[in-house]
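Down below is the structure, laid out as structure tokens.
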Amino acid sequence: MSGGGRTVGAPPAPAPGAGPRDGRTTRRPPALRLLARPEVGVFLGAVAVLVFFLIAAPAVRQGGSMATVLYQSSTIGIMALPVALLMIGGEFDLSCGVAVITSALTASMLSYQLTLNVWTGVLAALAASLAVGALNGWMVVRTGLPSFLVTLGTFLILQGVNLAVTKLVTGNVATDDVSDMDGFGQAKKVFASSFDVAGVQVRITVLWWLVFAALATWVLLRTRYGNWIFAVGGDQDSARAVGVPVRFTKITLFMLVGLGAWFVGMHNLFSFDTVQSGEGVGNELIYIAAAVIGGCLLTGGYGSAIGSLFGAFMFGMVNQGIVYAGWNPDWFKAFLGVMLLGAVLINLWVRRTATRR
Amino acid sequence: MNHDGTGIPGVALPGAPAPKDTPLVELRRAGKSYGNVRALYGVDLVVRAGRVTCVLGDNGAGKSTLIKIISGLHRHTEGDFLVDGRPVRFGTPRDALDQGIAAVYQDLATVPLMPVWRNFFLGSELTRGRRPLRRLDIPRMKETADRELRRMGIVLDDLEQPVGTLSGGQRQCVAIARAVHFGARVLILDEPTAALGVKQSGVVLKYIAAARERGLGVVFITHNPHHAYMVGDHFSVLRLGTLELSAERCDTTLDQLTDHMAGGAELATLKHELSQVHGVDLDAVPEGLGDTFPEGTT
Amino acid sequence: MDRSSRSGSRTSVPLVAVVAAAALALTGCSSGHGGKKAEQAEANAAAGKADTPRMTVALVTHQAPGDTFWDTVRKGAEAAAAKDNIKLVYSADPNAGNQANLVQNAVDQKVDGIAVTLAKPDALKSVLARAERAHIPVVGLNSGLADWKRLGLLEFFGQDESVAGEAFGRKLNTAGAEKVVCVVHEQGNVGLTQRCDGLRKTFEGTTETLYVNGADMPSVRATITAKLKQDTSIDTVVTLGAPFAATAVRSVDDAGSKAKVATFDLNKDLVTAVRDGSVEFAVDQQPYLQGYLAVDALWLYKYNGNYSGGGVAPVLTGPAFVDRSDVGEVAGFAAKGTR
């Protein structure tokens, strides 16, 4: 609790709590209030990184390069969105990186082994992804254990299941090529095609990413469900006490992560025709990083969906910018770390400035 | 008053039902055991419209268990729990809310990081439009929150500010105003003054009085007999999980209340012993010393 | 507050998804093309089986989970085990310390022979000494060409990564490449680094290195695309693992580059790519052969005292180049996942 605050007690008729405006009270200027939005820091960081690479790497200035940066950002960003919502809701999902591959494997193997239209596999994968999310959520609300532990378990389980089942079913550790099967072309159009914008080939995931980001932001800030997300992450017990369906909210948040994993998994499948069962490990940290850079509090209850968009963009920009700049690749990871740390510091500085009283 | 669907038919309005009518909430020989531990037993409690029922007791006396039963967080394991004369068993706080019973917890009152207006409507948000486009009616929510808060005498210049930046008293008041707005007939206040300074406590006590004037039944839980005596109509003192005293205001005095709070007979014996051993001036023994008195001194 | 409608939709959303999926599956949206039916692979011709008493062999590798390459090694080992009446115990861990524990585990079980990869030879030194004291014959495979003799192994089956890299470089010279980018999918992996270094040694043009995140295909694709855009003079992309070659082909497409793709290692999708010309050539170290020979050698040693290379020379399983002219020969085997 941080002191008396900026409030004014003006006496009504029976005058409870009356008192003159005390000396400590000041209104925050509108500009500062804007800065206090969780995504402003990461927005400035993203702009800084973009400007930096526009200057440092001439190749970035071509339209096509930006399309590549946005493509990589989008595959991170589509997952970072539900991960951000979940984090605002006070939980983690460490299994989300391998869940992407689980989804792709399910669709690929089911269609191939049973020789079905790939759309059947796509829907089955959706059901499987949602089920994994629901299971994660159910275990978390049921046991009350930290989601970090629960999803660490599912992370390992999925990693093993991905490998073992793929090996069992296909005899290999990668799935078979599904590109000549019925419905593939259609599915590829939805999940992995590109379209032309002023002569530049932009991948469709970029479009989906923007649509999903707008949708997630709307849900978070403008709907009842969004209000609940903030509440269950901010103070679960208070939320329950005023009648927020905490369990429902948390389980559906985990299922949203499943939905994201399904989408990215489908993109992987229809973009590369086959799936390597060992992939995806480590990506969960990238998604979480994008959400945190995007202004989500690790402890929950605060953050933004649109912020994760800028977070993912920053990650993609740095990742590709270093290649475009032609820097010594041995240093790649180090550059990446420094840039990200810098971005987080800018973010932190902005937030401090904005909330300083 | 706007009840937004959570209101209950027959809400007690100011000056409506006389205290003799069926109580809003009644506990008869109610109790609660957690496994082998009997946290509460044999408790009778009556809450009437337009009256403040104070529940007093030291830490561990069973106050929290009592409030959790009435507000639907826990189920009672013995005795009867009646609302409007009908026995009930609540499964969730939502059930209690639907019956017009709202609890305002000491620590659980609000979500600190959320703006005031979002907190005000949390769990009962106003919406407009149809699914899937149903969305929050933000202007109406802000306007209503501001109006209701003003009616309780809280004027905030920025409803977007997180509740966590308000003072403790103000946070309690936001929670109380919220409960009143959503058609609460029975308001349960869990230690609303415990963490507050003198001035802030005064603010909260005035709201309690205001709520009573509006015809609500108030359960005021506290361990401070002074605060209780300032607003209470009926006093129930809990001690070690059961009732030590249940008395109307006209039948008791602040001194008696303090005595019972402190352990009544035990305290009298203690005072007597002290006066013999050390010649302590009886009037100088602080109130509420009770069983927390250091053992080494006797 | 309309509780009923909310709780209704709570259950109905997942339900609808499940029902929809089930309905689709039941109505049998079957595919007219591809799939398992098209595969219809012929069963392997049953090989004759040895009548020697059953023995146990442990194969301990440094495989990272889900690597197609090691899958092929393991298939070779299993084939030899089935033929020789051997019980094969396979275990793997990319972490050298853990791999040493796995070898120790095999020694404790008193197996009849151990086949081990020496990715980090010194970490295995003490457990291999223990195996020797327990009189368990040990053979090496895949990695450790420089160290197997020093560590007292009986024989070795593999490819010298540097030699493979050098051969790759010479092949690029004849193909007329001038600037290549070597795509490393696991930063810090010794074998991968040796491949690039070997290539750099013999290749007469310029060689650049590019690190990508091998666990994330979209990222690999974007990164290679970015590199091709940044440096348009690159005429060949060299990948160090088969799955990445297919992705590199897509990147070349994305970048609108004319660069060619060549790769180390082989899998069945790559065979198709080599045949249709999208991948120039692949250099194969014959992982199946490595696994097969290692297990078979232990059987020969136990029942006939034979050992290849006379205990001084390694048995080289590569590099063998596969390009358009000879891809037809391996295509059938690759389809079974054994090449």
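Should a chain be cited, it is by its letter among A, B and C, assigned in written order, with residues numbered from 1 in that chain.
Following the convention adopted for this analysis, a contact is a pair of C-beta atoms (placed from the backbone, for glycine too) under 8 Å apart; a residue touches a chain by one contact, two chains touch by 3 or more.
Molecules present, by chain and UniProt name: A = Xylose transport system permease protein XylH; B = Sugar ABC transporter ATP-binding protein; C = Sugar ABC transporter substrate-binding protein.
Note that the structure is predicted; figures quoted are calculated from it, not measured.
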Closest chain to global C-alpha mean, per-chain Cα centroids: A
Greatest separation from chain C - chain, by CA centre: B
Whole-Å gap between the CA centroids of chain A and chain B: 42
Centre-of-Cα separation between chain C and chain B, whole angstrom: 69
Chain A and chain C, separation of their C-alpha mean positions in angstrom: 32
Per-residue overlap in chain B, given as positions that touch at least 2 other chains: 94, 124
Chain C partner contacts - residues on chain A that touch it in the complex: 57, 59, 62, 64-65, 68-69, 71-72, 75, 111-120, 123-124, 126-127, 130-131, 134, 159, 162-163, 166-167, 171-174, 176-183, 201, 245, 248, 252, 255, 267-268, 271-274, 276-283, 286, 316, 319-320, 323-326, 329-330, 332-333
Chain A residues touching chain B - in the complex, by the definition given at the top: 1-12, 14-19, 27-28, 33, 218, 222-224, 226-228, 230-231, 234-235, 237-244, 297, 301-302
Residue ranges of chain B touching chain A (in the complex, touch as defined): 71, 73, 92-94, 97, 103, 105, 107-114, 118, 121-125, 127, 134-136, 138, 150-158, 160-161, 164-170, 173, 178, 199, 202-203, 206-207, 209-210, 213
In the complex with chain A, residue positions of chain C that touch it: 6, 10, 14, 17-18, 20-21, 24-25, 28-39, 64-68, 70-71, 187, 208-211, 213-219, 221-223, 225-227, 229-231, 243, 246-247, 250, 254-256, 267, 269, 272, 337
